[in-house]
Amino acid sequence: MMNEHTVTAYDDELKLLFRKVSEMGGLAERITQQSVQALSNGDVSLAQAVIVEDAVLDRLQNEVDENAILTIAKRQPMAMDLREIVAAIRISGDLERVGDLGKNIAKRVIAVSDLFQPKSLMRGLEHLAELGTLQLKDVLDAYSSRDAERAQMVWHRDEEVDQLHTAMFRELLTYMMEDPRNITLCTHLLFCAKNIERIGDHATNIAETIHYVVTGEMFGENRPKGDRASEIALELDGEQAG
Amino acid sequence: MTDISQPDAFRLTKELARERRQAQINKRFAAETRFKYLGLGAVALAVAFLGLLLSTVVFQGLPAFAYHYVKMPIAFGGIKAGTDPKTVDYDTLYKDAVKEVLPFASGRKDRRVARGLFSAGSVILLQRQANETPELLGTEGDVYIPVSDFTDLYLKELVAKNDVSRPSVSLTISKADSGYILTAPAGTFGRAISDVRQAIGDRAEAQFRELSSLRKNLAEQARIAGSSSAEAVVQKAKEATEALSSQVERKQAGYDALIARQTASEINEKMDAILPSLLVHAAGGTFKATMLSSGKVEAVALVPPSAEGFTGAGVAAGDWTLRTIKVAESNRKFSDKEVAMIEKLRSEDRIERRWNSIFFGYGASREPEMAGVWGAVVGSFFTMLVTLAIAFPLGVSSAIYLEEFAPKNRITQLIEVNINNLAAVPSIVFGLLGLAVFLNWFSMPRSAPLVGGAVLALMTLPTIIIASRAALKAVPPSIREAALGVGASRIQAVFHHVLPLAMPGILTGTIIGMAQALGETAPLLMIGMVAFIVDVPGSFTDPATVLPVQIFMWADFPEPLFQQKTAAAILILLGFLVIMNAIAVLLRKRFERRW
Amino acid sequence: MNLMSGVEQEAAVNQAIEPSIKMRGEKVSVFYGDKQALFDVDLDIPECQVMALIGPSGCGKSTFLRCLNRMNDTIDICRVSGNIQLDNEDIYAPHVDVVELRARVGMVFQKPNPFPKSIFENVAYGPRIHGLTKDRTDLEEVVTTSLQRAGLFEEVKDRLDEPGTGLSGGQQQRLCIARAIAVSPEVILMDEPCSALDPIATAIVEELIAELRENYTIVIVTHSMQQAARVSQKTAMFHLGNLVEVDETDTMFTNPKSQKTQDYITGRYG
């Protein structure tokens, strides 16, 4: 950070805010990891633990909001400080959504626990989850070091996540077409994949916010769109038709 | 390692701090109380001195505001109306009138005493009155003539205290070969007798003091004669002892005689000039006791009894009065004869106490009763007018220039310092300056208000400049900025806004400066305004004097009436100063603005 | 209008996009005796906009403001070098009359400083000394409009002959603004006009500034960054006699370029 404020309490408030957001980041990261781990291992108890942990994340997000509002009211922040606080609000919102998505995955673990889970399917999902978690981890590192370049890297890498998700989507559709008994499992996994893709999107959001914090400018470029999943149905239709 | 062997190392605990703070508070409180009482004491002392000064001046000066006049039957009626007032023989008219009111004063000596009762300026006054109102000539009526200064003092009871009584016994008057014999029951003259005894006692006491100092001398000489071994010294001491002892004997005899007179049961005292006076007003005349005993008085007539009043028979109780004057005749400036004459006039209702118009309407005079303050007041007025006309515009304009326009550099700083120093220059120096420049160089008239005013203006100038600058400085700069901000030039800003706001302060300073000038004497002495000027000045170049100088001159005269007039003039001067300061305060209150 | 040449038309179009420059300072330096208070300041003041000058105390922002109508001339030891133009004319040129300049560039001060005269006289003084009105009716008209523009007329219309010093602080300041606009200035300089006012009076004055912007070019010195952010379109940041940064106010307060500005507006100064 820069040199200190004349009012030290202001610094303390900003630090507290930053610490809470970091804490949320760590928690969100763990929730994501553990939910995917629970899914691949069929670990119901871990999944339940994840569900509980999400409540902590929600509470933290509320705290961040409150602290941020209070600081705005008291200090009328300007420039860098204003951007920091706005970023904290936005990032905490994103992280809370990440937590929700992780929780959703954990819930699905419980739903699919007694179903047969083909290894190949799970590996693809794990790969996707690995990438998603990496994105989240990277973007949080970028946040703690206020590293706009690293954030930008995360932002560009989101395309990979999207592409991987599209691939997953295609694979799962294939499975479902192969064997209608797989539909339940695959639908759940489809949602899990989607959730991970969404987590990646939130990481991208955070990356944009970091860019705003550091440079003071809104991220101007268009988002890289590697997710073709929404177009896949047409292709399949075409195949069937073809 | 901390040194444990030093447990006394200073540590300011909360308790210790509280304790020490309390001690400090007590000390401070004591100091503040001391200061308060000191201040109160100083103020009380100042008030006491001021009260003393004021009361002295007021008690001395107030009697001079009134004066006693005699109603004189001046025979203006015998002169044809329309006669030129310059041709009238006022001296004769006046002498005839004196004869008429005091017919018994027939001898030369008596006539002189009689005329001395009235102002020496009476004739001049008559002349002046006739000149001012020629209609007086040809009309009958009394004219008021001021009494002489000592007569006035006597009438104001400032010469000697008279003890007047109206005994309730009858008095028998019989004519003797060298005067009169007054008889009344024993004890009637008791008051006079006790006064006389006291006077003799006082003299005996004085004799005794002399006697005892002589005796001390004698004893000393005797000791020298007894103890010294030198022949010459012993001889000399012996001679001295002899001379002294004869002196002591004489004194002792005198003292014994006095004691005998004082304690004699039957008093029979010859009333000489060093004893109190006893006057008896009866049968239209006044008798002065020459021989006093308890029921009988030998007397001479100071005012002869009237024919119808003196029949040789007794005078009824209540029809006669007894006057004793404790102060011996030789110790006062107003003789028994004069007392008798004035009391005669008073009994005829010819004496009247009136507003002292001479004091307020006339110029200076060598005669105390003819001296007035008006000349000095007019002189002061003209002088102040000149001072104001010179000092105010000059002072205010230089203050404005210095404060608002002059560049701040060494030269203006020098000027500033010099102006401040000028205020501290002794005023007599300004007088010397006036003498050298205005009189000797410019050849302006001596003793004139024009020159006096110019000198005082020089003296007042620094005061006005300093006060005006302070007043200008007190106007907040925001007003100046406001004016400049809407596009006023600097001169407009000063004259439209700053000067009107500073005006009350400037006027206050000016009035205080003028008050200072009004009370100034020293510089005016140097330019001749201390001259004796009888006429009231009519213009700026007429010779004149001013109030403080007049006071200064009067204070030098020995006559008691001049002393009174000095105090009265001081009162008038103080009155003017109070009025001027009141105006200053009023101006401040009236025009003071908030910003 | 149709006589407009091509160049003029182009200028008019440019004006619509980028407001023209009303005042321009080039290499303005100010010395108080030996001490230099302002170092080579280049600053353009756009027409019909509010420009805020901010910076810590003693940074020279007030000094610069007072150069714009030569109020510094009243200080003996003050010396100004460089070039300040009003409508492309050097205001320090020898032929320029200070009085006329100050009529065109009015000023409102930190502390409300009405003359200790009536409200009417306060406003009428300027037009009177400049001979702007021919008779009493005109003068009354000018006073009324000025007071109306300053948003004070409704409050004081019944007591125009009462002393201006009897008004409240905020009213006094608006009276001073009315007094400034009564002489029809082109530029109004405001030296911390709200520093002595309470928040409500401040809000009223700020609202007034927003309205005045349509007709006048306004330069305002303020210590309140929030105020600068609220009322101005452009902000200039001074520090130790130097102009640190000039930018659009919106940018200045969210994303300043200079570290000094950043530190100052975020409260890290000192």
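Letters A, B and C mark the chains as written, and numbering starts fresh at 1 in each.
Rule of thumb we're sticking to: a contact is a pair of C-beta atoms (placed from the backbone, for glycine too) under 8 Å apart; a residue touches a chain by one contact, two chains touch by 3 or more.
Note that the coordinates shown come from a computational prediction; the quantities given were computed from them, not determined experimentally.
The chain occupying the central position, as judged from C-alpha centroids, is C. Distance from the centre of chain A peaks at B, each centre being the average of the chain's Cα atoms.
Note: centroid distance chain B to chain C, computed from Cα atoms, is 70 Å.
Centres computed as Cα averages put chain A at a distance of 111 Å from chain B. Between chain A and chain C, the centres computed from C-alpha atoms are 52 Å apart. Considering their complex, residues 407-408, 476, 478-490, 492, 496-497, 501, 593-595 of chain B touch chain C. Across the complex, chain B is touched by residues 69, 71, 74, 76, 98-100, 102-103, 106-109, 111, 113-116, 125-126, 129-130, 165, 176, 179-180, 182-183 of chain C. By the touch criterion given at the top, residues 225-226, 229, 253-256, 259, 261-263, 265-270 of chain C touch chain A in their complex.
By the touch criterion given at the top, residues 2-7, 10, 75-83, 215-217 of chain A touch chain C in their complex.
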